[in-house]
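Structure below; questions to follow.
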Amino acid sequence: MNNRVVLGMYVPTNSRFHSLDPRAKLLVVCWYVVLVFLATSLVENLWLALILGMMMVITKVPFRMYWHGLKPMAWVIAFTVVVQLLFSSGGITYWYWGPFHLTSGGISDAGLVFARFTLVILASTVLTVATPPLQLADAVESIMKPLKVIHVPVGQVSLMLSIAMRFIPTIFDEVETIMNAQRARGAKFDEGSLFKRAKRFVSVLIPLFVTSFQRAEELATAMDARDYYPNGKRTKYRLLRWQKRDWVAVGLMAFVTVGFLVCHWFNIAII
Amino acid sequence: MAAIVTTKDLTYRYTTDGKAALDKVSLTIPAGQWTAIIGHNGSGKSTLARLIDGLLAPTTGSLTVAGMPMDDEHVVAIRHRIGYVFQNPDNQFIGTTVGEDVAFGLENHQVPREKMQEIVEQSLDLVGMSQMIDEQPASLSGGQKQRVALAGVLAMEPDILILDEATSMLDPAGREQIDRLLLKLQRERQMTIISITHDVVETLAADSIIIINDGHLVKQGPADEVLSDAVGLLQLGLAAPFVGRLRLALEKRGIKVPAKVTDGQRMVEWLCAQLS
Amino acid sequence: MALCTVKLNQVDFTYQFGTPFAHQALFDLSLKIEHGSYTAVVGPTGSGKSTIMQLIDGLLRPTKGTVSVNGVTVSPSSSLRQLAALRATTGFVFQLPEKQLFAETVIEDVMFGPLNNGQSASAARENACQALQQVGLGKEFEQQSPFDLSGGQMRRVAIAGVLAMKPTLLILDEPTAGLDSQGARQILELVDRLHQQGTTILLVTHHMEQVATYADQVVVINHGRLAFQGTPRKLFADRKLLAENSLRWPAAVSFDHALRDGGVHLPGPVSLSLDELADKLATQLKGRDQDE
């Protein structure tokens, strides 16, 4: 019961960053990512890396958790960096063999790709470790609001999203229980060929479908019983509050941008 | 006692040519009392509860709730008067936090946010869950979730509370808390409580009992009268209360227990008089 | 000396060990379950009962200490394969086990376990048929879809799916939850029969009536620690222990106490079950008739 799957890797701490409005967090991180894509020089990237490091410290989340976020992508990063190293051309050629060549242009391209990947992944990890998934959905919904004008049922979509998120842990628990029950009947989910494993998974998927449909039906009845009408008007209990500290956070991003421009200008100057 | 629910020849079939889940049931449920509807699994008792809340529409027959006939025109108004707590604690928890779940019905009633917060707090206070307003469902026990569900329907100030096997998935402690709460509500607010159960033990607080078997109304009467008929209960596949079973066990051993000995108290008194 | 089927030796268990979400569920727990016993496991929700059962079935690995079942021992360093070996002689009926049904027909579902254990199709079918008979479901059910059955029948199919593996130790986690009295009685009588045929039973339950009527041993778990192990009679005689673990008397025990408090002289220790109480009362009442 307590063996909960950690979703979206949210790590609760009492940091200032955690307490920001999710819209502010989303804005800060998106802004940061844009800057990452604008950065072309070493100095700019160093500046952004410094800022990111500060953000990571501010969240009070152990660095180990960030490493967990980066790890699954490590191979992709390594592969892309190697491709850039061996196939990019331009500048001085240091070495070549057949189609492979190591050039100064290749080295700087590879460095840039490495920096972009790492910074973007870490920045989005900052967002997910510091924001519960539901608040993130709220932030997205609030950004989607203008779509109401073109008759997108934003309210229904957001309720749907919120219910889906509410049920993710429940369904994970369910999967674990069913898998344990089948394990107790001798099913070995981690042995045998891929085909055999897939076949064994049927014994988990079917019960999961059956209970999920049952759940959905009961939930729909429960919503009916509490006077939910899909097209009816509703008021909202959960409210996002934009406070002074959120302005401060966004303001700090303006400062970061200024710093970024200085680096950019400095870079041009030294060239 | 005025009737708050009246049904006449109420019949419901889940499929057009299938067996009737409920067959020509005519009954009345008095206002301001606790009525327990009992029957074994699959007897049609939940179907009856869903018909009363307008969650199902009768195949034939009619029913009146709080003076209104159940039809397309009144179903919304009727549902406003009824709070419904279901069996599975997980499948009726709609919000992502306790507070939000309690607010769900209020959002549907378009209650302004400030007033909503106040009602949510009061309702949670009533069920003793105000400390947990920001908790997520995953960190609550089954009993706590059912108390939240109860707060959610109480927030909408219903006159009638339907509990459809609401405590059957809880441990004894969780069950007792809910029962005590219900009794308080019924006494203090004159709420009509309709509880659906297969467990006779859960009917001990009820004023009157309705027995449903295979879609038919078998019996309706005051709780002590219905519960004292151990033989009748056992024949319907229902467990009799302990005293009834003890009486049967003594009779099987050739001891005659007087008919007036119907409940635990009287049984103890009778035995003490005989043996001391 | 009695043989022990299950032995837990100073077991700690922590969920999500080594993460910021770590949560310790069991503390230095030692426990022995004798071969052939019928042991009821009781305690409040969240006390760690289910965790213990999952350790015994090798579904969890102890964080500290060792778990032995029928001669197989695992420790924190054991591999998944070693954990699975605990399961060879153990059957585990989960809470609401009908949730694990998946096959198109009843017989195929019950054959799932034996087939996983490497039995031939014909041997598995034979064991499945026997298991279905044991739970009181006749031949006519074999080719039906399990999803067309009633709740009580589905549960019996699920139990048959465990029995078909011929366990010598059977764990049941609240097997009567949600069933009406008839369905519950069928399950309890089945378990009692299995016990009489020599199966060791571990029954997790909230019903003190079940403890008093069927079990010969009872284990009380509270806050991840062993609070009591002994006979039901000893447990129900200890008011302080019951109160500390929010357990109550079964109806027969409270009634017996009420009579004694009212001045009735009943022979011997307190009655645990309805039949025991009725027997005593009948003897007393008849004895009185003869005196007159």
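Letters A, B and C mark the chains in the order given here, with residues in each chain numbered from 1 onward.
Just so we're on the same page, a residue touches a chain if its C-beta (ideal position, glycine included) is under 8 Å from a C-beta of that chain, and two chains touch if they have at least 3 such contacts.
Fair warning: this is a prediction, and the values are worked out from it, not measured in the lab.
Novice: Chain contact graph: line, ring, star, complete or other?
Specialist: Its topology is that of a complete graph.
Novice: Using the stated contact rule, I'd like to know whether A-C or B-C comes out ahead in C-beta pair count.
Specialist: B-C
Novice: So, what's the distance in Å between the C-alpha centres of subunit C and subunit A?
Specialist: Subunit A and subunit C have C-alpha centres separated by 44 Å.
Novice: Could you put a whole-Å number on the gap between the CA centroids of subunit B and subunit C?
Specialist: 30
Novice: Could you check subunit B for residues that touch two or more other chains and list them?
Specialist: Residue numbers touching two or more other chains: none in subunit B.
Novice: Where in subunit C do residues touch two or more of the other chains?
Specialist: Only 46 qualify.
Novice: Can you pull out the residues of subunit A that are in contact with at least two other chains?
Specialist: Answer for subunit A, listing residues that touch two or more other chains: 4.
Novice: Would you pull the subunit A residues touching subunit B in the complex into a rising list?
Specialist: Against subunit B, the touching part of subunit A is residues 4, 134, 162-163, 165-166, 169-170, 173, 214-215, 218-219, 221-229, 232-239.
Novice: Okay, in this complex, where on subunit B does subunit C touch?
Specialist: 40-42, 141-143, 168-169, 171-174, 198-200, 237-239, 242, 245-246, 249-250, 252-255, 264, 267-269, 271-272, 274-276
Novice: Help me check something: in the complex, which residues belonging to subunit A touch subunit C?
Specialist: My answer: residues 1-4, 6, 11, 62, 65, 177-178, 180-188, 190, 202-207, 210-211.
Novice: Quick one: which bits of subunit C touch subunit B in the complex? Just the residue numbers, please.
Specialist: Against subunit B, subunit C makes touches at 44-46, 150-152, 177-183, 206, 246, 248, 251-252, 255, 258-259, 262-265, 274-275, 277-279, 281-282, 284-286, 288.
Novice: Give the list of subunit C residues in touch with subunit A in this complex.
Specialist: So the residues of subunit C in touch with subunit A come to 15-16, 19-21, 23, 25, 46, 50, 54, 57, 59, 80, 84, 87, 90-92, 94, 97, 99-102, 112-113, 116-117, 147, 161-162, 165.
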